[in-house]
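There are two complexes below, and they share chain A, which is joined by chain B in the first and by chain C in the second.
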Partner chain A sequence: MEITDAICSFCGSLCDDLTVKVEDNKIIDVKRACRLGASKMLGHERINSPMIRNEAGILEEASFDSAIDKASQILLHAKRPLLYGWASTSCEAQSKGVLLGEILGAVVDSTASVCHGPTTLGVQEKGLPTASLGQIKNRADLIIFWGCNPIHAHPRHMSRYSGYLPGFFLDRGRQNRKFVTVDVRMTETAAISDEFLQIEQGSDYVVLSALRALVNGKDDLVPDVVCGVSKEDLVRLSGMMRSCRFGAFFFGMGLTQSKGRYKNIDCALSLTNDLNTQTKFVITPLRGHYNVTGFGQVCSWQTGFPAVDLSRGAPYYNPGEMSANDLLMRDEVDASLIVASDPAAHFPSTSVRNLAKMPLIQIDPYANATTEIADVVIPTAIVGVETEGTAYRMDGLSLRLRKLVDSDYPSDEEILDKIIKKVSRKGDVC
Partner chain B sequence: MSELLIKNGRVFDPINSINGDIMDIAIKNGKIVDDIPLSPDTKVIDASSMIVMPGGVDAHSHIAGSKVNSGRIMCPNDGRSGIEKRTKITRPCSGYTVPNTFAMGYRYAKLGYTTVFEAAIPILHARHTHEEFGDIPIIDKGGLVLFGSNWQVMEAVRENDIEKLAAYVAWGLSASRGYGVKIVNPGGGEAWGFGKNVSGLHDTVPNFDVTPAEIITGLAKANEMLHLPHSIHLHCNLLGKPGNYKTTIETMKLLEHIKPSMDRQVVHITHLTFNAWGGTNWGDFESKADAVADYLNQHDHVTVDMGQLIFGNATTMTADGPMQYANARLLATKWTNGDVELEDASGVVPLSYIRKMYIHDIMWAVGLEVALLTKNPWQVLLTTDHPNGGPFVNYPEVIALLMSARKREEEMSKLSNKMRDRTTLSGIGRELDWYDIAIKTRASHAKILGLTDHGKGHLGAYADADVTIYHINPDQVDAGREHATVKKAFEKPAYTIKDGKVVAMNGEITATPEGRTFWVNASVPEEDNTRLMKDLRLKFRKYYSINLANYMVQDSYVKHPVVIKAGGS
Partner chain C sequence: MKCDVNIITGRTIDQGANIDSKLSSDYFNACARCEIGAEDLKTLGLSEGSHVKVSTRFGSVVVSLALCDGNPEGVAFIPMGPWANTVVNPDTHGCGMPGFKGILGSLEPTDEKPLDLKALMSLYRE
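What follows is the complex of A and B.
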């Protein structure tokens, strides 16, 4: 059986043109996907069964019911539970996560807080002048990649949205467009760009500010060399930005997680805003996990905020105080539920130590470093392969992921729903 | 099943020409019925000395979708206001100008509203809108779909192929599970794709060789060819620019010769607060609401809504991308932009309307002038273009202003003198009555949307049992003098009843049923559809960033649909 127009649930590009061949309920071939996406869809090692850590400290196989029971008990007895992750699951599951947070009075936070969280803070300062990826495909004659390497992280981004394909106003595709990469090192993306600006580590804010000065006609404010970049190069780049018909600025964690953090984003957003006095310019964060954008959307429409502390019974948001790592570094969390993510591999060591010493429940199709510190492990179906669900592309476009094969595993949503039923009081809204 | 009798209320039901008669309203199984025999199971509400109206209907509000959520994401400060805790039956709430989805439903219900239409949905982003609809409790919903800068629309207009245009409108409504045709700054969204705008009705849209005037008339013809329940719904070109009243009137004139396919307007022109402006710049800025009202008084093919300005915070959001960039630069404030490939643009800009800033003062007057100078109350709907003019929770303030010249005078005393000189408001003595208010807050909204036959906006037999009961006795309250009492009564209705169930009482939510979603399924001749699909397949193959098979809103996103059929006769 061939399934066409399948959507890949790997990265934030959500390529929706895959053709998947299924035989005996097994995916045997995936056409058009990149190697990352194909590898996910073709399947690799899974968590086989629910597990509960026994008194000897060993994870022991258990039934779904007993794992759900145990998880519910842990959450019910926690005073400061953290519900974290959510980047690689459906909006429907994320929505259940927010509800569970309300019932428990928990903090609900996503992987964005260690990724594009600073982007959100920048957007709160300046707004986000952006466009759908198809608008960029059809119009952009200048593409800037700043602190990102889509060839590795979003392998089909350039061929689908940001470079190679012809668009309505650019019938020769790549030949009509100029690529500029700004990074601290030569990357594969830089290597195929028309211009590469190598800047000193941690100097993004300064270089962006110099570009703003040039774009706004304040050339004399810019010294001859700015953090390793000559004024001449900056003048050339600002000239390209001002003279293009439609510019698109893509950025990654090289900008969000380097010195300056959200101030870098603020500056890049301001530069984009300024450029629109002279031409058309848009800016788009290259979001990593396939539905990390979706969590920001769901949590915002349900609570008003992109991450939320519900311990007061009403939504409270104050990044720097209530984000996952703020709580963990202060050793406030007394139980955690980790869904579709791997904080043990990505958080600072103090956070991981504090996470590990308290009960931890993991809901995930795959084992990862967090499994090693989990007390309850509940395997689930893979969204976009074994179960349907909604996901948001990096540009905020909502898509319906398809189910391609049957699975015996329950979905994240079903597991969360069962936990919600167990922890809520009779008659309460749930 | 459930029976409810509302006894002895003073009923205002303009669609059935009931003007304050003392009547009983009987409800059975969620519908209004002529009468019910009293049984022990019948719940009775004593509404004597209270006003009874059909549930409020809002034909133009921005309640769901990508723009609204962008507003939430960029304004965490707004989230901090309006915080309410979770209760046994309600989810927690946040926000004032951009409330979370739960608050959106609860607050409308607490205000006596039971049906609300989202005013701008790009087809590409419709799935998102419906996801948020699903999380807005209690109220029934529907959405207007953006067609004004859509490539397929402009191409069909250029080819003068109205049949193919109609086929696309029908397809777009079905793809988005949408209700009606919204046009925002026609052609301007496309021009904004390269950072430009159109300069008027007869300017040519770059690269598409059509004018805004042609887009508007083309869509109006297609709309009537399809017998859609609602007319075209238009946000005029040059909105937000001094002197734009001329374009607004010219736009109305453009449509004088179009024949409506049913008993309703040919065009609804929205939020006049922003497009009945005189002057040539911000220095000589003035109201031209009187000129627009003059035109309305002589023509019945147009309806409008106020888009009333409310002093304080607002979050402006619209598909008018170029206007929003101009706004953001003018006010040096933050700016979110969201171009939508092949379809439209959009922008979100938070701002504050400030008393004594004469431009804001004049804008405040414009909405009121339009409502008060236009003789026929059915022609001007009460809205704040939520949250552009201000949040919908301020409707009671607007009601009080419309009912009381004294309140207007009190307000004007806090505003700049330029407002008095450059508007006609201080010379207007007209005070609307309860019947007018019932028209402007429910009956006219349902009528212009074509929803009266589908049970909305009135209390006739078989209508949906959506009823609001206000704690105010029209015999004892002189609205002109006691405007504070009026405002209070409209802020906290005694009862809001949705489908026969009491959902709110005295400002408290009592039940949270899920609302329905109206959408229009219009049929078109197969040959038109065949021609259309050939165009669309090409567009998806070459220009959209997603495939046709993943574009349409799947049925699972519309849990409680009400499908209204339309199409050629």
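What follows is the complex of A and C.
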């Protein structure tokens, strides 16, 4: 059986043109997927059964009912639970997660806090002059990649949205567009760009500010060399930005994780706003996991914030105080529920150490670093492969992921629903 | 010989393709590595594939060396993952985001071997 127009549930590009071949309820071939998508679709080794860590410190197989019971007991006895992850599951499961957070009075945070969380802070300060990826494909004649390497992280982004495909107003595709990459090292994306500006690590804010000065006609304020980049190169780039018909600025962790964090984003957004006084320019974060954008949407619908502390009885948001790593660094968390993510692999060691010493429940299709420190492990179905669900593409477009094969694993949503029923009290809305 | 570096971490396609098979040798090979330019390789007096100890004031970890011609002198890249996170800066600067890039540290030759994922994670349960 061939399934056409299947959506890839790996990265934030949500490519929706895959053809998947299924035989005997197993995916045996995937056409048009990149290496990342194909590796996910074709499958990896799974967690076979729920597990509970015994007194000897060994994970022992258990029934779903007993794992859910144990998880519920851990959460009910916690005073400062952290519900973290959510980037690789459906909006429906995310919605259940926020509800569980409300019932428990928990902190609910997503992987965005170690990814594009600073982007959200920047956007809250300056707004987001953006466009759909379709608009960019059809109109953008200048593409800037700043602190990102889509050839590695979003391998089909350039061929589907930002580079090679002819657009409605750009009938020669790549020949109609200029690529510029700004990075601290020569990446594969930089190597195929028309221009590459190599800047000193941690100098993004300064270089962006110099470009703002040039775009606003304050050339005299810019010195001959700015953090490794000559004024001549900056003048040429600012000229390209001002003279294009439609510019698109994509950025990644090079901005959000470097010195300046959200202020880098603030500055990039301000530059985009400046450029819009002279031409049309849009800016879009390259979001990593396929539904990290969805979590921001869901949590904002339900609580008003893209991550939330519900311990006060009312939603509270203050990144830097209630973000997962800040809580863990202060050793405040006394139990955690990790859904569809792997903080043990992606948090600094201080956070992982504090995560490991308290009860940890993991809900995930795959064994990973977090499994090694988990006390309860509940395996689930893969959204977009074994179960359907809604996800948001990096530009905010919602798409319905399809079920491609049958599975005996329950969905994240079903497991969360059972935990909610166990921990809710009379009067809770569930 | 010791070599001072500015460490950045980030995604690679090999890391991403094995993100759901973290206990595999492919994930280990993709992440337990440090990419540096030819000048720094020369300073260390090592060749590709040699083991190197990465140290910062936040921790240390042993990984394999890889040559990356795109890296300027003094910049070391470690793919995001449990090995990189041993040496990153936990300070979130008040916005929730730890310092995954721009960590000052050093590289030095070592006879130690990189720990596999299970061995590395078992240190957190001690």
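Heads up, the rule we're going with is that the second predicted complex is superposed on the first by the 428 of 430 C-alpha atoms of A that agree within 3 Å, B and C clash if a C-alpha of one lies under 4 Å from a C-alpha of the other, contacts with A are read in each partner's own complex, and residues count from 1 in each chain.
Here is the rule we use: a contact is a pair of C-beta atoms (placed from the backbone, for glycine too) under 8 Å apart; a residue touches a chain by one contact, two chains touch by 3 or more.
Please read all numbers here as calculations on a predicted model, not as lab measurements.
The superposed arrangement places chain B and chain C next to each other on chain A without a clash. With both structures placed on the common chain, the touch criterion links A:279 to chain B but leaves chain C unconnected.
By the document's definition of touching, neither partner reaches A:218: not chain B, not chain C. Seen from the CA centre of chain A, chain B and chain C lie at an angle of 160° in the overlaid model, rounded to the nearest 10. With both structures placed on the common chain, the touch criterion links A:312 to chain B but leaves chain C unconnected. Of the two partner chains placed around the shared chain by superposition, chain C is the only one that A:253 touches, whereas chain B remains out of contact.
In the superposition on chain A, A:348 makes contact with chain C only, not with chain B.
Judged by the touch definition given at the top, the superposed model places A:261 against chain C, while chain B stays out of reach. With both structures placed on the common chain, the touch criterion links A:421 to neither chain B nor chain C. In the superposition on chain A, A:31 contacts neither chain B nor chain C. Of all Cα pairs linking chain B with chain C in the superposition, the shortest spans 14 Å.
Chain contact summary for the complex, chain A toward chain B: residues 4-5, 7, 16-17, 91, 95, 99, 102, 120, 123-135, 137-139, 160-161, 166-169, 245-246, 273, 276-277, 279-280, 282, 296-297, 300-306, 310, 312-317, 388, 390, 392, 396-400, 427-429.
Listed in rising order, the residues of chain A touching chain C in the complex are 10-11, 35-36, 39-40, 44-45, 57, 109, 113-114, 117-118, 121, 149, 151-153, 155, 184-187, 190-191, 198, 201-202, 253-254, 256-259, 261-262, 288, 307, 319-321, 323-326, 329, 342, 344-353, 355-356, 365-369, 372-373. Across the complex, chain C meets chain A through its residues 6, 8-13, 16-24, 58-59, 68-72, 75, 77, 80-82, 85-86, 88-90, 92-102, 117-118, 121-122, 124-125. Across the complex, chain B meets chain A through its residues 64, 66, 68-70, 72-76, 78-80, 83-95, 98-102, 124-125, 127-128, 131-132, 135, 192-195, 207, 325, 328-329, 334-342, 348-349, 512, 542-547, 549-550, 554, 556-557.
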